[in-house]
Amino acid sequence: MADKTGSAEIAEIKPINKLTLKQRLMSYKRKPLSLVMLLLVALAALISAAALVFIIVYVLVRGIPNLTPELFSLTYNSDNVSCMPSIINTVLLTLLTILISVPFGIGSAIYLAEYAKKGSKLVKVIRTMAETLAGIPSIVYGLFGMLFFVYTLNWGYSLLAGAFTLAIMVLPTIMRTAEEALLTVPDSYREGSFGLGAGKLRTIVRIILPSAMPGILAGVILAVGRIVGETAALIYTYGSATGYTTGLLSSGRSLAVHMYVLTNEGLHTDQAWGTAVVLLVLVFGINTLSAFIAKKLGNKKG
Amino acid sequence: MREYFDLELANLNNRLIGMGTLVEKAIKDAVEMITNGNEELLKAAREQEEVINSSENKIQNQCIRLLLHQAPVAADLRYVSSALKMITDLERIGDQAIDIAEMTQYIRNRSSVVNMTHIQEMAEQAAKMVTLAIDAFVKKDIDLAQTVSRSDDVIDGLFDKVKNETVELIHSNKELGCEAIDLMMIAKYLERIGDHAVNIAEWVAFSITGSREF
Amino acid sequence: MDKFTIDKMNLYYGKFHALKDVTLHMPENKITAFIGPSGCGKSTLLKSLNRMNDLVEGCKITGDIRLDGEDIYGNMDVNVLRKRVGMVFQKANPFPMSVYDNIAFGPRTHGIKSKRELDRIVEESLRDAAIWDELKDRLKKSALGLSGGQQQRLCIARALAVKPEVLLMDEATSALDPISTGKIEELCLKLKDDYTIIMVTHNMQQALRVSDNTAFFLLGEMVEYNTTDAVFSSPKDKRTEEYITGRFG
């Protein structure tokens, strides 16, 4: 074991393996192109960061003054466009969509990664389809959801129709990320488990899924992000009723749709900005929470 | 593959042949001393014995180094370990040859009546065995080695003859007690040289086949 | 008494004839070493002994392999076979869970649920693998935090926890430092009183130090099989001699 040196002593050390400013300037003098490159990429990073910061600050500046208690009052009416019902609706919608899509997504990922023959035609077809579906604009899903769930199955504008439509929309994402996560689980874990006489099911449930969980979760988080931010697909399926959703077949509006409608009507632009802040905080909250969960699972692992 | 190791083994082989040649010379000198007697030869033989000893040391160190560095197995292992054992026998032969030469000189200086015919015969037989054993090693010839092993009986028979003669010598002339003892010792040394030659032949066999039996 | 018998075994990967007419009988409570150049089929043969080759696409086996006289490719349940024939892999592969859970995974798989029983098995296995003293205070810590040598001994302990009769070791020390290697070799010598060990090794000195019998493989063929002493002091086949003395190819 190396001796522990006090941090004060370490601070005093002058390492010879760090370039001094003078050395750095010298090296740029020799290779001016590398200085140009450095400046270009630094500029790119700066502009990107500035754009993001600008949007967030802009939303906050316009929105925070409008975060009045009335905005969170329990009931919505045309005078006070409270976003409380849509917050609750968003949570319900998200939960239901995840509940529908995750079992299917993970299930098919397990099939593709663990059971299907490596490199079989079926797997390739499914993968290509999933990738294609992931790239389709959400309005197409909305249209499909409207025709199939709302009209053909006659569910009307409803939570169920919205959740199913979004579930189909996020399924490819969940499936692909889960499959990737399963494929990155080293084969040595499988060998180790089989080598101890564990069957396929036990190996998957006890060894592979726990190892792949952070990756799978990342896909679910991505899906949640899309669900919370979705508008186009929801307008045609979940509708835009202003109240609380009271049942599976009851219509409602999610936060994003709520914001869209407010902006569209042009009567409550201030409240729309306030809602934007709420949405921002919600997304931030979800991300933090999921990062926390991922870390928890990761800690258990590493 | 393993060029360096092969080079080292060839080098070891050359050294062993060199040492064998020296020992062969030593025993031939001893025979010459018994037959003709020669002060000069004795002096040369003493110097040669030093060379044999240092040769043994060098070979021994090389063998140990090869065992350490190359961890030889199979034929390589048998060869190196045989070499390690053989040099002990060779060195003993060298020692005994010089002892024989010295004692012969001593007897010659004291008396000329002692009959050395059978000793001479023994010496020639021993020299032949040593030469054969070294030949067997150089040529890696299992048949030659076997010949050495078989001819040990001849030298043992001669030893018995010399023993009887010595007993008679003491009976006939009590003055010659000292010479008689020396004579006996020379015979014993020659008989031992025969045994060492057989040992060498057996190590040659081991190196070739992995068994010391023929 | 032969623990494992292989008779006229052939193995194909697709069209590649990987093992040719192998006949090999391995005695109980002995350490048998498989040596040979890379790609000679020794690892493939080892993996056939607990049917790990079943997982490989296009792998076809003919012939007869028996454990205690029972055909392992017959009616024997593959999971039961793998319980009886444990395996330690080239690269230590502890599961991403605690030391305790790693060891308990096997016993739990085979239906042991009692906490007391599991505690006992975990301790006993770690003791048998000569790593109890190092790990007894970190049973709840992740196994991935251990050193390479500790991980490999943990994997041995994990294999021992299901009470196998045979232990297959596939180059189990090739990634380890000499000290860890030495510890595992010592362990093998200790374990052979209770287990039959079959190991694949690239380290001939290891085969010499540890094994009782050695089989030499070349191009899918078993060239020579004899006591380790005999193989390494007086090999019968010229190819064996060339390989072990390093004058191969």
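Note that the chains are named A, B and C in the order they appear, and that numbering of residues resets to 1 at the start of each chain.
The criterion applied here is as follows: contacts are C-beta pairs under 8 Å (C-beta built on N, C-alpha and C of every residue); 3 or more make two chains touch, one makes a residue touch a chain.
As the structure is a prediction and not an experimental result, all values here were calculated from the model.
If I average the CA coordinates per chain, which chain comes out farthest from chain A?
Result for max centroid distance from chain A is chain B.
Looking only at C-beta pairs in contact, point me to the busier pair out of B-C and A-C.
Between B-C and A-C, the larger count of C-beta pairs in contact belongs to A-C.
Nearest whole angstrom, what separates the Cα centre of chain A from the Cα centre of chain B?
Whole-Å distance between the two chain centres: 91.
Chain B to chain C: how many Å between their CA centres?
52
Between chain A and chain C, what is the gap in Å from one C-alpha centre to the other?
45
Can you tell me which positions in chain C touch chain B when the two form their complex?
So the residues of chain C in touch with chain B come to 204-205, 208, 232-235, 240-241, 244-249.
Spell out the part of chain C that touches chain A in their complex, as residue ranges.
50, 52, 55, 57, 79-83, 86-87, 89, 91, 93-97, 105-106, 109-110, 142, 144-145, 155, 158-159, 162
Could you please specify the touching residues of chain A with respect to chain C in the complex?
117-118, 186, 188-199, 202, 206-207, 210-211, 300-302
Which residues of chain B touch chain C once you look at their complex with the stated criterion?
Per the touch definition, chain B meets chain C at residues 1-2, 5-6, 71-78, 209-211.
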